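Each of the next two complexes has subunit A plus one more chain, namely subunit B in the first and subunit C in the second.
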Partner chain A sequence: MKGWTEDGIFEALKHILADALEIETAIIQPDSMVMKELGAESIDILDIAFRIETRFDIKIPEQAFSVKPEDIPKGKSANEILTVQAILDFIKNRLEGQ
Partner chain B sequence: MKRRAVISGMGIVSPYGPGIDVFWDSISFGVSAAKSISGFDAKDYPVRFAAEITADRYNPRDFISNKKSIKIMSKAVRFVLGAAEMAVRDSGLSEGACDPQRFGVTIGAGGVGPVDTELWSEIQYGEAARRVQESDNDRENVGQIFKIVMGQINPLTPLKILPNMAAAHIAIIHQARGSNYTIATACTSSSQAIGEALRQIQRGENDLVITGGTDSMINPMGVLGFNMLGVLSRNNDNYRKASRPFDKKRDGFMLGEGAAILTLEELEHCRKRNGKIYGEVVGYATTSDAFRITDEPPDGYGIAEVMRRALEDAGIPPENIDYINAHGTSTQMNDRTETRAIKQVFGDCAYDVPISSTKSMIGHWAAACGAAELIASAMAMKHGLLPPTINYEEPDPDCDLNYVPNQAIPQEIKICLSNSFGFGGQNACLIIRRFKEE
Partner chain C sequence: MMFEGKIVLVTGGSRGIGRAISAKFGELGATVLVNFLQNVEAAEETQRILQKSGTECRLYQANLIHPHEIRELTGKIAEDFGKLDILIHNAALGVFKPTLELRANQWDLTMNINTRALLLLAKNCLGLMKEGGQIIAISSLGSHRVIPNYGAIGVSKAALESLVKYLAVEMAEHGIRVNAVSGGIIESDTIKKIPEHEKMLSEVREKIPAKRMGRPEDMANAVAALASDLCSWIYGHILVVDGGLSL
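Up next is the complex of A and B:
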């Protein structure tokens, strides 16, 4: 994964989230909900995606993290069910694909 | 019965620091806010000074509780949220004291927000700039360079550019769900904003309006742009003397920046909650020169007309005005034209009424100047002290009125008139009066 370890990715992501959302890294867990629990709003997801692109040198199409359509509850957006783990998996996936 | 509007709270973020007290103390002692520009490297610029708000004087984090939102705020928005927070605290308004649906926001804003200093330095000194320097043929690389620049711009940057963001953030923070306007008429913006807020209260649209203005033009584009228009003083060597309204040797204005906010409140609403009253906004008018973009008509008909109409709106004859806070930019044209217009409206009493320009000290805050100057006027009224026009040394035969030269003068002030004029020819005039029962 381009020299990244799993722990290294999680650590880097925690710092990105902490900077973007002005929160402490200590409260960020893999199962944290990015909007509901970490306080993000839609624009923060764009910002987080931009920071991830820059930090990991990967491309995120349309600044969106892919979520399976069947996983999205009715009346909700993909962002609303986004967890830290989902972003981690996304980054790993991208890094492995390169 | 006509609904009346009073100023129940004031807040300001100025180059002197946050708060109306440090602002008033500084201008009443005639302290210039001029300094060498430090926000960006201006050493090769034709103008290298301004009345700048430096990071050691103002930290938006002291005033904005939703810290993560700061990243999407332009400098002007960071200023205005501090000013709005202070104004609301000053008003003593407790939570729930105003129906959120009748709680409005009207802000004068504009300027060249898009060219944020950070973004500009990225373009100037970032990867794209390096690519330009390394390239043999710039033209072939334009597309590539544009791609690099775009790739380095955070996707939230557009939110720093939108002019309505100041009013939007204020509404979110203070839960003001009534009408919400942004006025962009260059240097007339914030006076118009306050005037329009007055009308909202008079016509029953809102009971309380957070109003005023904010601007920050002290960035590479602002300094270069105004310099190219030939309106900035280039007195780099003696910059504390650069802004010298009505003085014969004036050579242009000094850029300033800041935010000035009032809570304008319907009188009965303010009384019911035992709010404080700095004064009543009793007159407002706005006109357009419809002449040329940056030239004023030599006889100043648009300026004269706006003062006449504001006096008419207030039902006050010119001889009752105790103090005029002039637009007084320190350009040859503005100060001459404003003087002529005052003479047309005030006739013989033009020579008696004290006139001063706060811009001699704080510089020109562009979209925010009118609100800052209305706060100066309200404080002058409260303290019974006419703030001076500093750097007034050599009289100009074209500007022969009483400009309160260099030193503040104690004097009872019951009614003040404040002028603002903008590039584009829009003019506004506000009249405030010490509060009295009727």
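Up next is the complex of A and C:
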């Protein structure tokens, strides 16, 4: 994965989230919900995506962090149920594809 | 036609006001380069609309938050056309919330896309505008009037207008005119993102002397007029297009 380990990706992502959302890295777990539990708003998802692009040198297309439509509860957006693990998986997939 | 043979780049040119500006320049004979961030579908739809009316339209995906992508964007235009005549900086984003609740990252993102990108675009366009050119930034009334929940964008637009004036002076010696068009209440998807927008709009609508809300085409018409040779002695001006609301 272009010199990255899974732990390394998680650590880097924790720092991105902590810096963007002004929270402590200690509270960030793979199953943390980025909006509901970590306090991100829609604009923060965009900011986090841009920071990931810079940190990992990857491109993130629109709706990249989306989950399957059938997994989204009625009245919710994909971002609302986004977890840290989903972002990790996306980054790993992108790095493996390079 | 007014812009025959001219190459025009519209940042954020695939939707809303940006699409209307792209269409207007196409209608007036220009080759239109549409920059967009992520929404490929909207960009392709804009391209289809312009091509249908006979306009040469090319799409350039670039995220203006990244300085290297701005360099790549202008580099591609140099390769494809060797010049740029008119740059319209319309791309903008922001968050609608009270100013005191803004986080540093939200402030930075808004300022960097709405304002810093114009500076970097202008610097990179110098080499593309060796025979002169025009830069027009899209601003809004929130730059100097307080609109609830609009602080992040309003402040970025105030900085943008100030930047326009500095660039107007510094780029004049290169034969480049820099101006801005500041819009009032324009019917678009963006306005629907403002909390309690329906209440705000019903209150504001009554106060517009023109007795109607603005349309993206109103902005596009003003941009085209300001970019035309009829305005060749206008430098560093902020043209307010608001149906008289700010009077």
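Everything below uses one rule, namely that the second predicted complex is superposed on the first by the 96 of 98 C-alpha atoms of A that agree within 3 Å, B and C clash if a C-alpha of one lies under 4 Å from a C-alpha of the other, contacts with A are read in each partner's own complex, and residues count from 1 in each chain.
Just so it is clear, contacts are C-beta pairs under 8 Å (C-beta built on N, C-alpha and C of every residue); 3 or more make two chains touch, one makes a residue touch a chain.
Since the structure is predicted, the reported quantities are computational estimates derived from the model, not experimental observations.
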Kindly classify A:Leu21 by the partners it touches after superposition: subunit B alone (first), subunit C alone (second), both, or neither? both
A:Pro61 in the overlay: touching subunit B, subunit C, both, or neither? Say first, second, both or neither. second
A:Phe50 in the overlay: touching subunit B, subunit C, both, or neither? Say first, second, both or neither. both
Subunit A positions touched by subunit B in one structure and by subunit C in the second: 20-22, 43-44, 46-47, 50
Could you please specify the touching residues of subunit C with respect to subunit A in the complex? 37-40, 63, 65-66, 93-95, 97, 103-106, 108-110
Complex interface listing, subunit A residues touching subunit B: 20-23, 39, 43-44, 46-47, 49-50, 63
Applying the document's contact rule, which stretches of subunit B touch subunit A when the two form their complex? 67-68, 70-72, 154-156, 159
Please give the residue numbers of subunit A that touch subunit C in the complex, ascending. 19-22, 41-44, 46-47, 50, 53-54, 61-62
